[in-house]
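One chain, subunit A, appears in both complexes that follow, with subunit B as partner in the first and subunit C in the second.
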Partner chain A sequence: MNITSTILQKQKKKILEIWLQNQLADNALRDDLMTNDELSKQSDELLDALARAVKSGNVDNIYAAEFEQITDILSDVSITRARQGFSPRETATYVLSLKKAICSVMEEEYQDRPELLYKEISVINNLLDQLSIITFETFIKGREEVILRQTDEINEISTPVIRVWDGILALPIIGTLDSARTQIVMENLLQEIVNTGSNIAILDISGVPAVDSLVAQHLIKTVSATRLMGAECIISGIRAEIAQTIVHLGIDLSNIKTKASLASALQLAFSMSNVEVKKVQKNTGFGITR
Partner chain B sequence: MDRIPILKMGPYLLVTIQIDLYDRVALNLENDLITMVSKTEAKGVLIDISAVSIVDSFMGRILGNIASMSRIMDAETVVVGMQPAVAITLVELGLTLQGVHTALNVEKGMELLQDMIGLHSSSTEDDEEGPDDRND
Partner chain C sequence: MIVMTKDTMQIVREQDVVPFRNRVREYAVKIGMSLVNQTKLITAASELVRNMLKYASGGKVILEIISKNAQTGVRLTFVDEGPGISDIKQAMQDGFSTGRSLGLGLPGAKRLVNEFDIQSTPGTGTTVTITHWKHGR
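And now, the complex of A and B:
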């Protein structure tokens, strides 16, 4: 049973050497992302952990406590690689080339005992396949984490609430409105209304590519919630196509104030809060010289 | 039994809800408030719900009821200080409280009430003054 473990301990140096050679031989390896020293240190650590784990006699169940250390190292490696931008191929090669290295060392050792060789190689095969599955799982998880973080970030930065005037807020919406985003938009807007004590909110949808009945429903909800808080809501930036779709879909926006452009919405907001914007005549000085 | 105090301030009634509205409390409030409106002939009712963090459809309906009942008795209702979470909940429940006036805080709610009642009284004054002018 412990032949594998003896070999792993006895021939560790040789295995490590072959393994590193295998890894470096791969044309796709990016030495710009990781130095050779780092790579050999990482590989050495992993091999040590593997030898310790196999020594316990357990070679089937990689979820057992003995393998905890090795799965930890592997997850760590693949997550860092995913973040650093390694390709899936490189990460897979990392584990699979270890299999090749161990097998070739074993072949040398047990050339004259094919039966034993076959048995041991199948054990190693099985073990390393499981380990590579774990590596891959964590690699993809790492990538997904990156994607999720970016999605969150996009959601966060794509709904800024701008204070355009004392008591007037503007909220330009860019991108498709779905339920999750509407929720964020609504919460941000309402919170900002409370924070600034604003009376009027302008919802600009010129950056929304398409409005269907669901999006319209979301808009109506946002407007109603704003009204419940005690503020008025104006929807602006309604393009011609959007107006057409809204009418064709039979959506009733008659009790919501709508404007074609942000400028006219701002004008309406000014007149609602009794603010007047005037052009100042500056020609008095010229008048005297002439 | 819990009762919510109703304060009279000139022509207005002021209600600040500081506790969570249970069904019984809400029903009592509706009852007391309407009784007060008829007794004091108030022109405006201001309900401050800034401390209320939990609402359900029943409470939404009670608020709507209070508004429509007061309207019949010639008093305007303003609900002020609704929390964002409460507003979102009410909208998700489909209760947009049509017919209830809203304001951000008590100060703005008072201004709104004064505006509304001022408009009403000035228009009636105009009607009264009209014939006087003609008599002169």
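And now, the complex of A and C:
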């Protein structure tokens, strides 16, 4: 029964040749991302695995054990390509051009038996369509991994804790404050309070685009946690429109010290820790003279 | 009443909240809403969309620019197929929450916008419609 597998074995060299030609003929192929040797080695491996799998007689269920090796190779190929920056078209072409190669070899082989040819080609079609779905799925998974990694990186770099003065920390928050962000902000802040022995922390929310009740709840939690550590928290950067919104929403921030700008929050922090900042008249010719 | 622009957005994950808010801002800017009104509308929308994600694990939002009596405004309709709200009166009270939050989402959103309507059938889902006019108070 297994004509497909016979052809795959007998004509392997020819199929591989046509397939590689197909792949190389595609104008979009990026030879800067992968050498031709690598490509032919990868293709050879896949074709071998395919011949072995089809030999078992299973041509419908690609989730069976015989196809494990193929799906492994394909997943591997797509994930590497996703990471290397291949386009979806290039990755899909990889499997789809194999279909073209096998079909053209079959056509040559069974020119005089159209009925058989039709049956075999539809089998191959079905099989390779399923394989290309796998390729696509894993390609997208690969891309999503890249995005997730970047999200983590953004979270990491976007929550710096700055020591602005002896005993005073500033924490500019930029972007949306969701539960995950709050966790990172709180952890960094509390750790830094311990490390530096600070007793005042300024949370600046000028970079937070919208303050809704969830964000407010997160802020209140952060302030309570800071207070438990014996430090005082000032929230700065509350813009006029945000102040109005908070009032309408009914959020009670009255027992939290809030300021409109980071500068006024810093001033409050100075007066709380009995520090005075003065302008000094200088006549040396250097620095600021007024 | 005339609907000038209409669009639908599916909300299924928390990551959809920020693009959704940006879209609402786009609509508000398009009709020339003031910054305070923009912020009010966006905050109300943010509350409702978060409710939708938290209690109904997502749904869809219909965004419209509407015109009535020579006024332009943005109308947002939040449709979900979640468990529904059994006691709307209770849900509209300040500080009532079944999900350990501040309990200000629904009543707060109502105070932030010009028009607010909520329909809910337990077991079927909830639809919240809010409208904010360009020159809303």
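Rule of thumb we're sticking to: the second predicted complex is superposed on the first by the 272 of 290 C-alpha atoms of A that agree within 3 Å, B and C clash if a C-alpha of one lies under 4 Å from a C-alpha of the other, contacts with A are read in each partner's own complex, and residues count from 1 in each chain.
Convention: a contact is a pair of C-beta atoms (placed from the backbone, for glycine too) under 8 Å apart; a residue touches a chain by one contact, two chains touch by 3 or more.
These numbers were taken from a predicted model, which means no experiment stands behind them.
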**Request:** In the superposition on subunit A, see if there is space for subunit B and subunit C together, and answer fit or clash.
**Result:** fit
**Asked** After superposition on the shared chain, which partner residues are touched by A:A231: those of subunit B (first), subunit C (second), both, or neither?
**Response** first
**Asked** Given the touch rule stated above, what does A:K221 touch, subunit B (first), subunit C (second), both, or neither?
**Response** first
**Message:** Between subunit B and subunit C, what opening angle does the Cα centre of subunit A see in the overlaid model, nearest 10 degrees?
**Reply:** 70
**Message:** If we overlay the two complexes on their shared chain A, which of subunit B and subunit C does A:T245 touch? Say first, second, both or neither.
**Reply:** second
**First, second, both or neither for A:D212, with subunit B first and subunit C second** = second
**Asked** Now for A:D178: first (subunit B), second (subunit C), both, or neither, which partner does it touch?
**Response** second
**Complete:** Min C-alpha distance, subunit B to subunit C, superposed, in Å, is 8
**Request:** Enumerate the residues of subunit A that count as touching subunit B in its complex and touching subunit C in the other.
**Result:** none
**Message:** Could you list, by residue number, the parts of subunit A that touch subunit C in their complex?
**Reply:** 176, 178, 209-214, 216-217, 240-242, 244-245, 248-251
**Message:** Per the contact definition, I'd like the list of subunit B residues that touch subunit A in the complex.
**Reply:** 79-84, 86-88, 90-92, 96-97, 102-105, 108-109
**Message:** Can you tell me which positions in subunit A touch subunit B when the two form their complex?
**Reply:** 183, 186-187, 190-191, 193-194, 197-199, 221, 224-231
**Prompt:** Touching subunit A in the complex: which residues of subunit C?
**Reply:** 14, 17-18, 21, 35-36, 38-40, 42-43, 46-47, 50, 94, 101-102, 104-105, 107-109, 111-112
